[in-house]
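Okay, so chain A shows up in both of these, paired with chain B first and chain C after.
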Partner chain A sequence: MKTVISRSQVKGDFVSKVAEISGENFFNCYQCGNCSAGCPSVDEMDLLPSQVVRYLQLGLEDEVKNCKSMWVCAACMMCHARCPKGVDISKIMEALRVLRLREVGAEGHIDVTDFSDDYLARAPQIAMISGYRKFLPL
Partner chain B sequence: MKYPYFPGCTLYTKAKKLDDAGRECSLKLGFELEELKDWTCCGATFPLVNDQHITMSGPTRILADTKDQGNDKLVTLCSVCFNVLKRTNHVMLNDEERRAKITDFIERDYHGEVEVLHYLQLLRDEIGFDVLKEKVVKPLEGLKVACYYGCLLLRPVKEIGLDSMEDPTIFEDFIRALGGEPIEFPYKVECCGAFQAVYSMDTATRCSRDILRSAKNCGADVVITTCPLCQFNLDDRQPEIQKSDPGFSSIPVVYFTQLLALALGLSAEDLGFERNLIDPLPLLQEKGIIA
Partner chain C sequence: MEKKLGVFVCWCGSNIAGSIDVDLAVAEAAKLDGVVHAENYMYMCSDPGQQLVKDTISEKGLDGVVVACCSPRMHENTFRKAAGAVGLNSYLLEIANIREQCSWVHQNNKPLATAKAVSIIEGTLDKVKENLPLETITIDLTKRVCVVGGGIAGIMSALDLANADYDVAIIEREPAIGGHMAQISQTFPYFHNILELLQKKIDEVKAHPRIKLYLNSEVEVLDGYVGNFNVTIKTRPAFVDPAKCTACGKCLEVCPVSVADEFNRGLSQRGAIFRYNQTEGARIPVLEQRDCLHFVDVEDVEMDAGAGEKCTACVDVCPENAIDLGTIRTFNEEFVGAIVMATGYDLYSPAKMPEYGAGKLPDVIDALAFERLLDPTGPTKGQVLRPSDGQVPKKVVFIQCVGSRDPERHKAYCSRACCMYTAKQARLYRQQVEDGTAFISYMDIRSDSRDFEEFVQQGMEEENLVYIRGRVAKVIQEDGFLRVFTTDTLSSRQLEIEADLVVLAMAMEPKAGIRDLAKKMNVTIDGDAFLSETHIKLYPVESSTKGVYLAGCGQSPKDITDTVSQALATAGKIQTMFSNETLIADPLIAEVKNDVCSGCGICIDICPYGARLMNDFTRITDVNQAVCQGCGACIAACPNKACELINSTSRQFIRMIGDFAGKAEAV
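Then we have the complex of A and B:
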């Protein structure tokens, strides 16, 4: 498959916004892959954490915007802890999530009624609150 | 000696046993956890993007209340509350622009004056593990303990600063003080899947499986944690793990304050072990820690 890379995409609004609100400079990453090696969620990801950063470097907005990876990131910060260049991918994943969540608006977030009574009786509140703040319904 | 204490939502309900045992033990150790007045939820997530200030207003208000109630320290038991409050305080101390935005919005004067401490840190730095050791009446002899740190107690290390990120020892030192035997296992700082428990259950199950397998393979009898979300994932996921891996044998996952309470001579009946899915009582009886 041919991938077209353009200057306008690399400097595009979406990529710039992700950089701005995450506070991360994608170009610090030299693709060593330490983040992907240590990430606990890679089994469920479509793009590896290092690939998400690579795609952002190349301005591949659509691929990144629609990736599943941002939703299965557990924000455990292992990627950041092990990055030799200090890139915090948990912030980049969060930026991708919140841009989508803001598009949808608060009504579209996960709701407490999405869970069974049995599950609500067992699961701690911190899981529910985090879920509400981070996810759209499945 | 009194320490201001922030319990947090989950410790009032689902993780009551983490809270009860922590408070009881403090009295045995000669200090008191004095609950902060009029506290609210910390928000359970620290905002990871720079333009989201509203979710920091809750934790900032908690910190400002702590200061206004005449305190310079705040103790937590829950790793999530600890992480959120500690990181918020880091912003209040170091980021003038964000601090101004948030404190203007909540109309409070706060500049990061409060030191956020985890209970384990309090035991290590203010009480001392040597003093703790002397107070133990029922040593956890022969109990092999996997000290599971997870993420939020340690990371990001520059802001949390509790211990080393890759090879922390505070939890192991704590267990040694109680007379137990901490085991080394490679997954002690890995993630349990955290809030993926409400979204990608497969992630939470697999992460929990890897951690528990690693602990068992290294000889652990029991796993301990400081976090209600880790306790939930590691305990609650075990029936599911067994379905996909029939060779997997279950292992109890308890709060560190529950083992602390046993070692300090409190009765197991008051420690809420009945809420554990994988019952730790048979193990504790077998090891002669409880009758």
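Then we have the complex of A and C:
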């Protein structure tokens, strides 16, 4: 599979947006892989955290936009704690989620009234809050 | 009498002429006060250009010259030499920098650039008008050398200098010379036996009539300046008299103390009296006061000489009466002309890497500890055995860049030698344990010297070293294994390796105590406390203080090859200096107006070179001409304006600023 990389991709709107929202410079990353080595959620991810950053460095918008990893990321921040270059990947993941949520618009978000009262009574409040931020309807 | 001044404007090809109208500049310069000659030339620094300057000085009898050209760092010397050759005092020639500070930065506005160039020339002319003819300063030169540090850098530098017939004093903090090299078993990339190589050099040092060894010693005070240093050396008591000791070893057996042996990186135990290492020169035991029960709770040996009730087991057993616990420290002085700082490195403490369990898990060791396992004279007689149970490890994980290349939490720099020594260690392990597997966690392989890349490749191809690209996140102990959590970024897999032994290639950092020593030696250090060279390309072994040279890992992390190159470079540099009978210094230094100085002493504190001293008789400050570098700090600090820089006086500068900034009133 050959991928053509252009300047407009590497310096593109999508990449700048992710950088702006996350406040992280992902060109700090030198791909040591320490984040991926210690990430507790890797089993459920399609791209390793370090791969997500790599794809962003190359401006591979489609791959990053459609990855599962950003939804799996629990923002435990183990990656940030260990990163030798101080890159906070959880912020990058959050930026990717924000961009995706903006793209799908308000009607794409989950609606709290869709859940049963019984479920709402049992669900931890924090899970509901993060659900608002993270989950799209299937 | 007004000086007859000449102005020479260089085109520097199109570098200057491209953005400055050199003809107009000459015409304007010719109109200036005192100028009797002005002209331009395409390359003034060329031979015909210099000839032009020389001829004009002679013909017109110029007694002040301004060359308007590039930075004085480039050609001030060139033109001053040329002027000197035809009898004009060199210090009556000045450079007006119209390239870096004018033409290069104003490429789009020729009229304004030209006007600025003319004002720079005018200002420089005003400086020349008040310049005094000066003679260089002569300084005495003591042709002896002090080498601080007896590792391989200090040894090689000292041997070269001693063989050139100069007296050398080596100051070594430890009880034996050899440094970290003595801990290492074999070299890369040729598997040379280090003990053999090093022993030869150590023997040479010991036998050399020109070399004096100060073991257990440190620099206490440094006085003086280039050519005339006075080093005060503090020597800790050795307690064992080498003249009486027969190295029988009886004292080693009776010592009740048992502590971790630093030389073996904690892989073995030693008594308070012990043999420092396995080299021939260390057969005579040394007594570590810190660990000895005789000195418990005592800070200062002097205070406790001959204490009664405490342990004297070694003294009692010694058949030769060679041990005297009442020995006290001594001070010596060495007068030298040059100093070599070969202070070396420590490994960054593995205790700072809790995620790798170092310090807690016995089978996570640092690279020097692994070297001790490989050493035939080491604690395991050269067998690679796990520290925890003495078994042969079948799976070893080597982790590179531990503490290095980590600006966020540890050291930002690359420690340079680890890629190669890790490959060497893994290869030696595989050669010894045929059914063993060596994994190497790496980020990049830096193998940038002769036969280095081949050495690494050979390890992969012939010894089946498994290189895994990715940093290790953590190491834990579980079910009798060390579990190493890592990643392979090349296959994008999170990996877990079950290992028997983990070896950490810790970052190198400057030797403990280097900050204090650097302060004593007046040598600048960088943010990581490595000793700074004057210029990374052109003056790589010169420190910020004249006469103090740098070699080895104290300057930056490096391998033995580079360390030795640098050590030999310092010896070469010092021999060049010693080829003169006296030293010559630039006279562009500070001077004190005796009738204005109030003797407040502010300049003494402010001087970064220690060049200012209070004259106890006159109660005003003197300038040590040999030490002053003409930096001007004292001029700025003096509340009475009693200090001036010769040929850069405040009066000259205020006039120059007036010329540059549009004729402010000169004072």
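To be clear about the criterion, the second predicted complex is superposed on the first by the 129 of 138 C-alpha atoms of A that agree within 3 Å, B and C clash if a C-alpha of one lies under 4 Å from a C-alpha of the other, contacts with A are read in each partner's own complex, and residues count from 1 in each chain.
The rule is simple: a residue touches a chain if its C-beta (ideal position, glycine included) is under 8 Å from a C-beta of that chain, and two chains touch if they have at least 3 such contacts.
Predicted model only: the values in this text are computed from it and were never measured.
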{"item": "Fit-or-clash call for chain B and chain C when the two complexes are aligned on chain A", "value": "fit"}
{"item": "First (chain B), second (chain C), both or neither touched by A:A74", "value": "first"}
{"item": "First, second, both or neither for A:N34, with chain B first and chain C second", "value": "second"}
{"item": "Residues of chain A touched, compared between chain B and chain C (which is higher)", "value": "B"}
{"item": "Which superposed partner A:I129 touches (first chain B, second chain C, both, neither)", "value": "first"}
{"item": "Which superposed partner A:C83 touches (first chain B, second chain C, both, neither)", "value": "second"}
{"item": "Partner chain in contact with A:S50 - chain B first, chain C second, else both or neither", "value": "second"}
{"item": "Nearest Cα pair across chain B and chain C, whole Å", "value": "7"}
{"item": "Chain A residues contacted in one complex by chain B, in the other by chain C", "value": "78"}
{"item": "Chain B residues within the chain A interface of the complex", "value": "8-10, 13-15, 41, 43-45, 47-52, 55, 78, 80, 151, 155-157, 165-166, 189-191, 193-200, 202-203, 206-207, 210, 228-229, 232, 236"}
{"item": "Chain A residues within the chain B interface of the complex", "value": "20-23, 40-41, 43-44, 71-72, 74-78, 80-81, 88, 90-91, 93-95, 98, 110, 115, 122-131, 133-135, 138"}
{"item": "Residues of chain A touching chain C in the complex", "value": "30-34, 36-39, 42, 47-48, 50-51, 78, 82-86"}
{"item": "Contact set on chain C toward chain A in their complex", "value": "355, 401, 405-410, 443, 469-474, 485-489, 492, 494-495"}
